[in-house]
Amino acid sequence: MNDAMIPPDGDPTHWLFLVAAAILGLGILASFFRLIKGPSLADRVVALDLIGYLVIGVMILLSVVTQRESFLFVPVVAAIILFLGTAAFAIYLERREHT
Amino acid sequence: MSLGINLLLALLWASIIGPFSPANLGVGFVFGYIVLRVVGGRGNRPRYVRQVLATLSLALFTAVEIVLANVRVAYYTVSRLRNLNPAVLTVPLEDNATDTEVTLLAILVTLTPGTLTLDVIGNNEAMLIHFMHVDDRTEAIKEIKDGFERRILEVTR
Amino acid sequence: MNSVIFRSSTIVLLPFMLVLSIVVLLRGHNEPGGGFVGGLLAASGFALHAMAFGHVSARKTLRIDPRVLIGLGLIIATISGLPAAFMGKAYLKGLWVELNAPGFPDPLKVGTPLAFDIGVYLLVLGAAFLMIVTLEEYRHDANTGS
Amino acid sequence: MTASALAILIVTAGLAPVLCRVSRRFGSLVVAAVPLGLGLWFASAAGDALTGTGIVQTWAWLPDLGLNLAFKVDGLSLTFALLICFIGAGVLLYTTSYLADHPRLGYFMSVLTGFMAAMLGLVLADNVILLFVFWELTSITSFLLIGFDYERERARWAATQALLTTGLGGLSLLAGLLLLGIAGGSWTISGLDTQRVLESDLYVAIAVLVMLGSFTKSAIFPFHYWLPNAMEAPSPVSALLHSATMVKAGVYLLARLHPTLGGVPMWDNTLALLGGVTMVAGAYLALRQHQLKKILAYSTVSSLGTLVMFIGLDAAKAAATYLLAHAMFKGCLFLVAGTLTKMSGQKDPEKLGGLMARSPILGIASLLAALSMAGMFPLIGFVSKEVMLKAGIAHPEYSVAATAGITVSAVLTVTAAVIVGVRPFLLRPSTGTDVQWKAAPGWRQLTLPVILAIGGVVAGLAPAAFAKPLITGMVNAIDPAGVPHEIKLDWLKLLYPPTLATYLSLGALALGTVIFLGRSTYRTLTAPADALNAVGPARGYDGALAGITTLASIQTRIVQNGSLQIYVRVMLLTVATLVGLALSRSLDFSAMLELARTVTTFEIMLLLALTAATLSSILQKTALATIACLSGVGFTIAMLFALYGAPDLAMTQFAVETLMLIIFVFVIFHLPKYRDLSRRAFRLLDFGLAGIFGFTIALFVAAVLATGGPPSIADFHAANSLSGGYGRNVVNVILVDFRAIDTLGEIFVIGVAGIGVYTMLRLRAGPAAQASEPSIDSSEPSVGEGTP
Amino acid sequence: MMLTLAASIGLLFAAGAYMLMRRSLVKLVVGLVLLGQAANLLIFVASGPLRGRPPLVEPGEQVPPPPFTDPLASALVLTAIVISFGIASYTIVLIKRAYQDIGTDDLTQYNTTDR
Amino acid sequence: MLATLPILVPLTASALCLALWGRVAAQQVVALLTTLSMVINAVILLNAVLTDGLQVAAMGGWAAPYGITLVADPLGAVMVLLTAVCGLAIAIFSLGGVNHARWAHGHAALMLAMLGAISGAFVSGDLFNIYVWFELMLLSSFVLLTLGGERAQLEGAIKYVTLNLLSSMVFLSGVGLVYASVGTLNLADLAIRFDQIDDPKRATALAAPLLVAFAIKAAAFPLFFWLPASYHTPPPAVSALFAGLLTKVGVYTLIRVTTLVFDQERVLIGDSIIIAAGLTMSSGVLGAMSQNDIRRILSFHIVSQIGYMLMGLGIALHVMGDGDPEVIPEIAVLALAGAVFYIVHHIVVKTNLFLIAGAIHAERGTDQLDKLGGMVRTHPYLAALFIFSALSLAGIPVLSGFWAKVVLVRAGLEAGTYGIVAVSLAVSLLTLFSMMKIWTKAFWGTPASDNEPPPGHAPGTAARLGPIVGLACITLGVALAAPWIYDFAVLTAESLLDPTEYIASVLPPIAPAEAQTLSGPTSGNPGGAP
Amino acid sequence: MTLFWDIATVALVLVGSFFATLAGVGIIRMPDLYMRMQSATKAGTLGVACLAAAGAAHFRTSSVLIEVSLVILFLFATAPVASHLIARAAFGAGTPLWDRTTRDHDHGAEPSPTEPGE
């Protein structure tokens, strides 16, 4: 990591970040598997939802390792907004039944 | 309920906008009030102070339940699938359950692992819940009713 | 959507989202955020309301005609640059005043860029709301009409 | 006087409709009187014009562009100016009677006067661009005149044909004249440096382009086809445009530029050859016709060829004499033909006869003109024919060919003249029945033919009256290099002592008369040659037009084929090709490989996630799943933004993604099934194309990243965000302060998008939609009709 | 360091372009959205962003601690995102209307206005 | 401040029209007053530019290159004026040519937003800011195009939207790549920094995406598909607005960036533009010849005539690149002046022809040549206005198009680019042909149907004819004032080809040094190089 | 004391990441939609909540505390509702249950044996 990766290589939080991010990254990849594979739309929606949560997790993690409090506000907004997308899909699923 | 939301809103405001000062809090309260007035009073009137304790109890119970149940689901997730016995069960609700109560219950049920609210049946008469693993149906239903439902009712009634 | 659970939580969530949106708007100058995200957040709140209670209720809740809100937001944003211009400075030059409000430790800096951001907020709220409500209304009409 | 004369004519053209509306009778007479006055004005200035360099007048107009209002009146332009004004006045007078009851008399008078103004400007102009201006104006006005009977398909077609043909020439003339100006170092014709032009590399181009312009205008082979078709125009138009003036514009130009461009074999030979061919072919074709005006038209074609040929043969005197003679007899005959057709309703001269009794004045005028055309002494026609034959015989190189050509055309012209000008008056109609005859032509229809006929007589009997000065003047203008020419025009001296030319001339008269008498035999004998029409230039015009039209529709079908997919493919390919080519010239792969050396696991994971999201969004089989995957792409990008120090972007991306999702989902009910419509081959093709496109851009990004650049202006924003913008979030300060005007534009975009979505759904065409659509506020109507 | 991101951008562009060339109306919009994302990402990545270095002035400071992600590029991307949002929303509704009124989503049927 | 008004006035008015939603009469008044004041503003601005030099306005008071600077130079100012004039004409025409429902659904606001965006693109001195105005212009045009949504409109809109968005993406990407490479967005600053790029090939590579994107906007071959597919579908007033102005924004930006910024490999760029010009003009005119609908013919002619503008630009660049970089050859000035003259003439005439087509449609209810005829008798004044404009368009002397054509042809001949001259002359003949096709089929001949409405009785005739007469007068003015306009075009071309004054006006002389001292902290290396 | 908070932070981060990954495993491995939902939503929310708590433990300022509380509150308030909505819709639409699932009553639509088209 040659760019201004904060914290620097020697710092233990560096490894913490790497490990945790890798773990979250696996989760995200797994969710993408489900997103692609389905089989039902609801499955994909759930996978998308989970991706959103994991992205929020990465953001929180980032604010911790980069010592940036201000980053924490992004997940606040993301968390509440993520819900809307899922709700919209749910409405679609529901309406598809009734129309 | 409204007042509670209003206070929460004020808190939210004050915390985020800047220093935690009374003036800031006041401004937040006013904003929150305006917002609540604008979006209309659909919630119930503020009524309760005594339920604070019950609320705390519910919160604590939920927190513990979430952690414990998560561990349980973690186990389900990695265990052999054929050991699982999922079920969709109808859980009857107390008579005259209000929308707020039903919502709260549904949220908490869903939030805790292993259970998922599928639907509310009729006019808040029963709740259809999906269980990841059920050893005994009646036991499972009883757990819901004694655990969350009772505590919620303590808060709301 | 006819779900008790959804509707009840929407009642609680909408005010939160609106306050949050104003918070995002106001702190945007110093922290991540700003009028655009704020407006989107507010519009999302109303979108949620529209999903739960329908477009008629959502329109009643917003009270202001979104089309007018669009115009209003645009006018505020456009006009916010004029004071400086009338003072012989450049259009959109920020003018700031320090307010010593009681109870606040630091003087509050209020300036025309804030007004600009408020204009952005109102516009985005109006436009996004208009889109969603129109779509919902249209869908509703299409379903009931045919 | 030049500019004033032009201005007066233009104003008259503008006022003509008004004058004619005020009083059809007298208003139109006023219009006709104007050119008469101008003609007298020019005549009064003849002394100045014919001496020295003539009258030169210049006003600066657009000097930087080389365009000055430069006019010059010398012998050549004076002759033309007089012809234009006097014949023009007479034609206008004729028109007032010819079209007396026509509802658009004013319009016609206006355009005709406008045409005269353009023609006058053309002959007076001494600036190449100015000359071109008037040149084009003659084309446009004649277009309007030929198409005067616009309700007839044939008239519209002929007008278009004339316009296109002369327009083609006009444009090459423009290029030629501009090149001439560039090569000759002057935009003034009289200021052209002949030496420079002749030595220029551009000479051939200039000569070809100028010839093309002139040939099309003057109906020289192979552009002769439009002139006979232009006979769709009312007779006054034919008389003015197609005999006396417009068609001679090309001849005028060749004559005008002959001093500059002539003397080169390429120029002289081309003019002589094509002129000669036109001369003979025109005369031949005239006798293949059965309509008065068509015969006259082809005979005019022949005459134009004759003139061009003589310019090419360097025989200025012959050209000048014939030009004057032809203007008089042909102008007269066209008007006579027009009157005959109008009064009898008959176009075929063979079906007319015995009209001398009905209208003796017209008959005498017609006879005189026809005899002049035939070359009967002592008329000017005879003089000109003598001069021409002498010039042909005397030519050092092409004596035999030229003399033969002139003689042949002279013979056939005699026949044509008798058919058109003599037969209707002196012989009986071939049908045997009496010709219908509405009324005797009035004085307004008779004035000009009579004057022209008399003019022919006067010019022949007393050349010094006007013919000789004008011809001398013309010759001086066309061939100034030679010593002042001694012009001899005495018909008696031409007749006696007889020369070869005299014998040929008289022989032609005799043979022409014989052919007239045996014209049915002659026609039968020459009929097989009509087969040549199938490959003639007229077919060439039709073929070219059809070809271009076909080409147009083919190219349009290929290019603008209506398939959005193909458009997109072409555009993507173009973008990728052009950008890729530009990029490929400065690629530094080693620097890019440097970038690759430092790839981290984390970035690989990001890449994987983005790849997964991207691929998933194009591979999904349902719309909703695709939308979900699109959101996945959005969320991944949001995470990337957050990771790389752009929390505002992450937040915005999240919000936007979600709102778009909602809109998508709301719309999805009304969207079609998600289908795979393309064939496999196209999918592969597109896959490759998309790959090239994406690869180009990826390469570009990598190249930019590898190269780096100077410090960004963003450093200033960061440094001044707090101190100057009072904000800690530099991005937001940029948005609302440093670059607030961007944001202003951006919010207008959003506002317009909101309104767009709203109106798209609310405002619908058709009453059915209106009925089924309750609205937010029902006061707003739907679009009742379609596009207003 | 950013070669992978450059590759991702290329991939997004390619995907967008591919979808743009389909015959289906819905895919067209998907392509446009993808292209928008790709262009936004391109601006951001090309400006050389730095991980975890937002251009925010910390309390008590006067300037953001260097080095930091280019704030101007972020601002440009933000503007571009918003604009893409507006245009995409409009386009989505447009294809809906087009499908409803024209009655097909097959773009090869959309060929009456050119000839 | 003067340079701000062309944007500010229409945009504020647009916002006002939105706030006045539902009050059509009020919106109409706002639209008329606004466009009128835009004309006045533009005249004042142009006068100020000509008398006092370039008008520069630093938005927000932030000096270039840090803030966004609006710059009105002769070209920008005259484009603003033309925009305002077209705007006024179309606003008046809309009173009679746009139905009430469209007015009630935001016609005024959209039109004004579009005018503001177009003006913005003309005065903006910042690459990204131009992108923003492009997008606003584009979206407003989308909405105006589909307002009312008939099948043809929607179908045309799909193509128009898709292809224009594609060009926007290319534009945006180009901006990103340029910014990443040279670290600035201000055009004057870009000019300086591009000169510092040591490898001309790199500079050209960076220019490529932008030039291609602008070529799409300008509807150059083979990127013009969107235009003929859509321009004939909306209401005539909207068509006219598009026809006169939209593509010219693309041409304008091409001229702007090639003269100011991308000056390294001018022969290559110039020759490419010349080739594109030839193909554009011929392809466009052939397209027009194959059409049978007035507005389609006119739409294809837009494409064709873009070729002429590009021709002037290409020749100018070619000549500039060929010679001594320190000397500006007169031929280059002549060529670019020709392009400028052509643009001035084209905007007025083209707008007017579309308005006339609109009037024809309003009177006869069709654009189809086969269904029209005899209008010279039934609508003599319309006929006169049409043939006047058509001949102007075809470049018949002494009308406006002729001067532009002569300048271009002369420049081409002097520059020795005979190929493009030949093509341009041939195309001009075909243009004349296709104009006369409209004339002979719609105005000559006989009415196709017997039950045609009586002439002049379609409502709103006065509102429609007024602006047509006005624009015709301007066309005539352009023709008669040709010397003055030519001088102006030369002045404009000189200012474009020697951007020293532009750069000096925008960037205070100390600016580059100041940038170093002010920068303080260094952001991430924009190039991202290790 | 700092050490304690650091350890708490690290622990919470690891636990959070663990749960988040568990969600990923669940979403791949579980046999039907409802069970996938259960493991995904819950483990996901808890994982994120743990990470948020780690943030609070790390910064320990009032504003961060509030922000973290808000994240958790919003997550816990919205995630279940979202899950419920999806589940309800899917159940109503007849998204099939795993064949080992037992049911006491049949409410709503009978889950169909085939996957519904989307």
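Observations, loosely collected:
Which chain is which? They are A, B, C, D, E, F and G, in the order written, and residues in each are numbered from 1.
The criterion applied here is as follows: a residue touches a chain if its C-beta (ideal position, glycine included) is under 8 Å from a C-beta of that chain, and two chains touch if they have at least 3 such contacts.
Keep in mind that what you see is a predicted model, and the values were worked out from it rather than measured.
Listed here as common contacts of subunit C and subunit E: A, D, F.
The innermost chain, defined by the distance from its C-alpha mean to the mean of all protein C-alpha atoms, is F.
Averaging C-alpha coordinates per chain places the centre of subunit E 30 Å away from that of subunit G. One finds 68 Å separating the Cα centroids of subunit A and subunit D. In terms of their C-alpha centroids, the spacing between subunit C and subunit F amounts to 36 Å. In subunit G, the positions touching at least two other chains are 25, 37, 41, 45, 63, 67, 70, 74, 77-79, 81, 83-85, 87-88, 92, 118.
Counting partners per residue, subunit D has 556-557, 560, 562, 564, 568, 572, 598, 600, 615, 622-625, 643, 647-648, 650-652, 655-656, 658-659, 662-663, 666-667, 669-670, 697, 701, 704-705, 708, 712-714, 717-719, 728-729, 731, 735, 737-744, 746, 748-758, 760-762, 765 as the residues that reach two or more other chains.
Counting partner chains per residue, subunit C shows two or more touched chains at residues 1, 3, 5-6, 9, 12-13, 16, 20, 24, 27, 30-33, 36-37, 41, 44, 47, 51, 67, 70-71, 74, 78, 81, 91-92, 94, 127, 131, 135. For subunit G in complex with subunit C, the residues that touch the partner chain are 74, 77-78, 81, 84-85, 88. Interface residues of subunit B facing subunit C in the complex, by the touch rule stated above, are 5, 8-9, 12-13, 16-19, 21-24, 26, 28, 31-32, 35-36, 38-40, 42-43, 99-100, 102-103, 106-107, 117, 120, 124.
Residue ranges of subunit D in contact with subunit F, taken from their complex: 61-62, 64-67, 129, 132-134, 136-137, 140, 143, 147, 150-151, 153, 156, 159-160, 163-164, 167-168, 171-172, 174-175, 178-179, 182, 205, 548-549, 551-553, 555-557, 559-560, 562, 564, 567-568, 570-572, 574-575, 578-579, 581-583, 585-586, 591, 594, 598, 697, 700-701, 703-720, 724, 737-742, 744-746, 748-749, 751-753, 755-756, 758-760, 762-765, 777, 779-788. Chain contact summary for the complex, subunit G toward subunit A: residues 9-10, 13-14, 16-18, 20-21, 23-25, 27-28, 33, 36-37, 40-41, 44-45, 47-48, 51-52, 54-55, 58-59, 61, 63-64, 67-68, 70-71, 74-75, 78-79, 81-83, 85-90, 92-93, 95, 109, 115-116, 118. By the touch criterion stated above, subunit C contacts subunit E in their complex at residues 30-32, 36, 127, 131, 135.
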